[in-house]
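Dropping a structure here in structure tokens format, bear with me for questions.
Chain nomenclature is as follows: A, B, C, D, E, F and G, assigned in order of appearance, with residue numbering initiated at 1 for each chain independently.
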Amino acid sequence: MLRELAFNLLGVFLPVTAIVAFATPLLGKARRRAPWALAMFAALFVAVTTTVVYAAVAVGGRPLVYPFGGWPPPIGIMYEVDAFNGVLGLLTGWVILAITAYSKWYEKEMDEPVWYYTLLVGLMVGLLGCLYTGDAFNLFVMIEVLSISAYGLVAYHKQRPEAVEAASKYALIGAVATNMYFLALVVIYGNYSTLNMADLALVGRAYAASPLPALLAVSFSLWVFTYKAAVFPNHFWLPDAHPEAPTPVSAALSGLVVNIGVYAVARFLYTIFGYNNALGLYRGAVLLALLLLGCASALLGAFMMLVQRDIKRLLAYSTISHIGLALMAGSLGFAAAGGALVLALTAMVAHLVSHSISKATLFMASGVFIHEAGSRDLDAMRGLGRVRPLSAIAMTLSFLNLAGFIPFVGFFSKLLMYQAFLDAGLPVLAFVVILVSAVSLLGYMKPIYSIAFSFKKGAPVTSPRVELVDVLLVAMSASLLVLGLVLGLSPGVFSQPALSLTQQGVEDYIRAYLETRKSLGGPYG
Amino acid sequence: MKRVVSLAVLVTIVLGMSLLLALSGQSFYPSENLRWLAIVYLNTTYNPYLPDFTVRSPESVTAIVWDYRGLDTLYETTVFYLAIIAGLALGRGVKRLNQKPTDESGLSPIVKTVTKITGPMILAVAASIGLHGHLTPGGGFQGGATAAVVPVVFIVVFSSFYLLWKGVSSQRMLTLRSAGLIGIGLTSISLFLAGLLLGLPSYVFQNIAKAGSPLSMPYDVHGALLSGTLWWFNLFEFLAVSSGFTLAFIILMTPEAEEKW
Amino acid sequence: MRAARAIPVALLAFVTYIVFSGSTSGYDLVTGLLVSVVVGALFANVTIERPSKLLSPKRWYWALRYALRYFIVDETKCHIDVAKRILSPRMPVNPGIVVVPFDVESDYAMTAIANSITNTPGTVVVEVDKKNKVFYVHWIDVASIEPREAKKGISETFEYYSKKVFD
Amino acid sequence: MIEELLVYTGLGLIALGAFAQLVSGIGVNRFRNFYLRLHAATIGSIWGCVYPIAGAGLVALGYKELGPYSTFMAGAAFVTSFLVLILSPAGSHALARAAHKTRQALVEPCVHDALDPSMCVRGGGS
Amino acid sequence: MFVQEFIAAVVPLYLVATALYLYRALKGPTIPDHVLGVDLLSYNLAVLFIVLGIFFKEPILIVTAIPLALWIYALDIYVAKYLERRVMGA
Amino acid sequence: MSLDLLIYAVGAVASLMSVVAVYLALVERDLVKAVIYSAIQSVFYSLLFYLFMSPDIVLVYLPVAGGVLPALLLVLISKTERFERE
Amino acid sequence: MVGFLAEYMFTVIYLSLFVNLGLSLFGLFYKPHYVKKLIMLGVLGDTLNMFAIFLGYRAWPSPTTPSRPPILLTYPFENASVLVEFTSRAVDPLPQALVLTAVVIGLAVMVFLIFLGDNLFKHYGTLDMREIRRLRG
């Protein structure tokens, strides 16, 4: 019953969301509230769907496959949800719901919000499509949907020259990167004559002797994935682009869009070109390179954070640092196997979840303070914690989570990471994790201190105010606490997603695809 | 002169390198055989012997674009739509001129008259390309892109005010575009909704009945092959694309009043 | 009135659609009808000023005569002339821009004359002055710069037929 | 019989087109002035494009090996050639007018320039 | 009939013309010259498309000539407009 | 007589010509001319698409790369600046 | 000899595509002007599409029967021989469909970039990226 519901919702929710995006400008011109209501409807629908889908996957214990048009998969396109992209989808659905709700408050900073909401719904479609799709070319299309809405949203405050410049840099190099992914797809289709991810994993095994095409494909496609995830040499656009976007969009970009890059890297290197596959010996080399890049961007982000005075820029560098950490954990597959690998992947998933929620909260809270202060400078925000106490609390909690304090989920994710590195026999990396945490704690102290704990001398005393947004922010940061408690009490919560990237999980992924293909029949099934 | 020399060098490099490669047996001559997947597509695109595993469209590219991989195409149009929305967002708050068109504006009267005559012909040709998309090369996007010649040429030859004066405003084009895209979206889920109502299994983007799901769009109306949803997709895409191009050109080409900043 | 003006445009679109599709099956007729109605409505106020002209068979007869004569006689003469100039080693050219008056009323007749002039090699309409009713024609071999003489060399036959067809 | 006639006429027109395009290509490169090149271009667009496309339509009407879509080909060829016939002079005229108005190209070997005498460069010869 | 062979003999002539046009389109000192070259080039290719359609015995390939002719006309028009006015919309 | 060789020769010539056009578009400083060169390149690419038997692509590609993009780029140039600086 | 010439010509096509790819990447990264970058981005996308189509081509079954576009001309048909002949000659339709999608997507990105370039010029008064970086500080 649940599975059937999830199956039908999985097929229909993205076309419906796209229809909402198409309809927004039509209705939005007539009524002022309509755009927000439509976006909220789409976000609610997405949140419910992702929950149902994840529940069905988690309860059923096997991936859920939706073949579009009733075509058996390598002929048609399919959506395939296992626990890994299921949990990321769940995260995306709820965070984007919070962001859409927050946008209502942010509306006063914008003129003609109709375009903003249309692009936001487009972003939603792109995010979920990237996560759920089981077809490599469909991933290309969805990355483009995601990118074009992100470009448009970054340039949304077009009165600011910096915003337009950041968007142009982001869009120009992003277009080159996605073109390179298309080249990777050409290589893949030319050599393996299929585009389906599960089918690629299956077919690739026959090509283990000649790993060169797979290496080409992976290296071309890694460019766009690391670009989207802002990993070290490709990180240059993020500190400009994320702060210049409207605040809720900064939250979506920093919290969710970067996840897509990490997700796609994991999907390509574990599921498609994973175990005893076409990539062969090169897989270790690619993973090692990714590990080093992740290491570099973690350190770079942490150190760059120290010198920032602009709060949104500080948060952007923190994103680079944390994505680097998650990538480090995720690319441990070259050295570890079995328990240590599961531990590392669990750490990656937990870290992505913790980072997404807290970074979204932080950006949204910073939006509140920027609105109060009229500036993005940290010094101008002194003492504003007294004016918006709930937001200050939410902000502090989220910072503590990012720094890895104890009852929060961030602590457990870093602990898992530490353990995984030690188990894999790489104590250097464990040291890097500690170093990054320590350095970034220094960086986080500055905003915490200046907003929550300091006074502005000679400022008139204003009474504390509470709006609906503050409640939303507190709820989001409280969820971090709850998640931390859950993870602390039963460490197995995130192991199911991690297990779906192990060899057994990949077998399940392929088996689900084969079953669907057989059940749909036809002469070529 | 420098350019000529470097061009000659470039061409010589290409010719010589390929001669070397061809001599060393490293050729890029394509195979005579097709991939498995391609043969599946070619065999099932119009195949009366497989009544529940075919698209019933002789044009296999359109069949792939709108049926086998219809999801890609839906989001591809979404990308184009979002790009134009982003453009509108970038152009908000800009005052655009709105004058009455005169004889002076635009190009010479000969070009104007020629454009007037050829406009309907080009639209008819474009509609033919678009509406025969499931039979001959063409389809919604191709037809729409051909039809976009008309607004471009009208804007350039007369002026963008002329279009406004004749009632082609950016607001109307946006409405038409949204309507076309909503049509595409509804077509894609129409059989799914019908299946829900009738209690029959059916899929999103379903076109012709499959073995497990008996619902099917009408694909043959009095001897005219419509290929089910393909015809509707082409129609709506034609509307959406032609109005989208018109919209983009109108907002880019209309002269602006003085900027504020 | 708008409907009356729409009919010729719709007819033009319909004929184009059917000829382009190259078949008269039911599908083509029905879709062609729909398309031509839409196109007619769109272009009713743009293309046609006086619809009754289109329906007179006499004009069509003259148009046919014009086309036959133009494609077989005039074009061949001018093409051979210019081709000779191109291929002869000395390239004998004697170019200049001359004034060529015309004496027709409607835009369509004027355009027909101008296009006929431009489509024959050796003469290109550079500029048109509707007020004074003259073309400025770039002529590869200027026989005379006097307007009436120039007209005799360039556009007299075109104008004779265009008047019959369009005015 | 009539079909063969159609095919041979069409092929003749195609051959004529090839010849005209060659002449036009030579002329475009030999003439030293934009306006003179326009005359050579006219050969390439009328005899070189309109006639052979119409000829291809005639071939399609007569040539049975083309299969069921040969009427489609004929119709499309006629429509295309008609559109080129109307559009190409308009394009050349627009270009010539723009070139003359903005003084992109002078009328170089020149006998008389009624429009703008200052652009007439006398003498030169061929 | 000898249609295929006849066309195979004619196509090289068209190719030579293409090269000549290309030379003008790339060299042409002024912008109208460039555009004139592109114009002729595309008319040449339109004929080539149609003639090769007969050569392949694929009548449907003829549709490709239409957008070539139409959009190159549009290129003429907007280069002319650009030269004349500098503002495309007025 | 092998007819396929003729077609492949046409393709080779077209691709070489496209290289020439791309190179000139790269080094040209007058942006209007660069746009025209890129239009030439796209015309030759459409010939290649045609020879590789994809009329659908020609129908999409020609309007997009030969018509719409030059138009949009010319609009952008006419709104901004025409010459690339040293 | 004929076989060698055919191979040579295909190699020429392939290599010139590679040269175009290299030229366009060079232009993208080393030419400072925004419009030049856009032109080269267009060339890059076109060349990649060309690669896909090149991949989907199939050689002629015999020197006198050309390969054909993946479009069935005779339908409805009585016996399966039409279909067999079609499958033995038609080229791969899937790359064509992919390229169709990619062309439209490339166009969409380009339209957005052109809108952006307009705004960029309004703010900085130039489209030279070096200049813009300098002005931004």
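Just so it is clear, a contact is a pair of C-beta atoms (placed from the backbone, for glycine too) under 8 Å apart; a residue touches a chain by one contact, two chains touch by 3 or more.
Computed from a prediction, not measured in an experiment: that's the story for all the values here.
Student: Hop across touching chains from chain A and tell me the fewest hops that reach chain F.
Tutor: 2
Student: Which chain pair is joined by more contacting C-beta pairs, C-D or A-G?
Tutor: Between C-D and A-G, contacts are more numerous in C-D.
Student: How many angstrom lie between the centres of chain B and chain F, each centre taken as the mean Cα position?
Tutor: The separation of the two C-alpha centroids amounts to 20 Å.
Student: Give, as an integer number of Å, the spacing between the C-alpha centres of chain G and chain F.
Tutor: 10
Student: In angstrom, rounded to a whole number, how far apart do the mean CA points of chain B and chain E lie?
Tutor: Roughly 23 Å, centre to centre.
Student: Indicate the residues of chain G shared as contacts by at least two other chains.
Tutor: 6, 10, 12-13, 16, 19, 54, 56-57, 59-60, 66, 68-71, 73, 91, 94, 96, 100-101, 104-109, 111-112, 114, 116-119, 123
Student: Identify all positions of chain C at which a residue touches two or more other chains, and write them in rising order.
Tutor: Chain C, residues with two or more chain partners: 16, 20-21, 114-115, 125, 127.
Student: Mark out which residues of chain F touch at least two other chains, giving numbers and ranges.
Tutor: 1, 3, 7, 16, 19-20, 23-24, 54-56, 58-60, 63-64, 67-68, 71-72, 75, 77
Student: Could you run through all the chain pairs that touch each other?
Tutor: Here the touching pairs of chains are A-B, A-G, B-C, B-D, B-E, B-F, B-G, C-D, D-E, D-G, E-F, E-G, F-G.
Student: What part of chain B is in contact with chain G in the complex they form?
Tutor: So the residues of chain B in touch with chain G come to 10, 13-15, 17-19, 21-22, 26-35, 37-39, 41-43, 45-49, 58-61, 63-65, 69, 72-73, 76-77, 79-80, 82-84, 86-87, 90-91, 136-137, 141, 225, 248, 252, 259, 261.
Student: In the complex formed with chain E, which residues of chain B make contact?
Tutor: 97, 105-107, 111, 122, 125, 129, 136-138, 142, 145-146, 149, 152-153, 155-157, 159-161, 253-255
Student: Under the touch definition given earlier, write down the residues of chain G that touch chain E in their complex.
Tutor: Touch residues, chain G against chain E: 66, 68-69, 71, 73.
Student: Over in the complex, which chain E residues touch chain F? Could you list them?
Tutor: 4-5, 8, 11-12, 15, 18-19, 22, 25-26, 31, 34-35, 38, 41-42, 45, 48-49, 52, 55, 60-61, 63-64, 67-68, 70-72, 74-75, 78-79, 82, 86-88
Student: Would you pull the chain D residues touching chain B in the complex into a rising list?
Tutor: 69, 72, 79, 82-83, 86-87, 90, 93-94, 97
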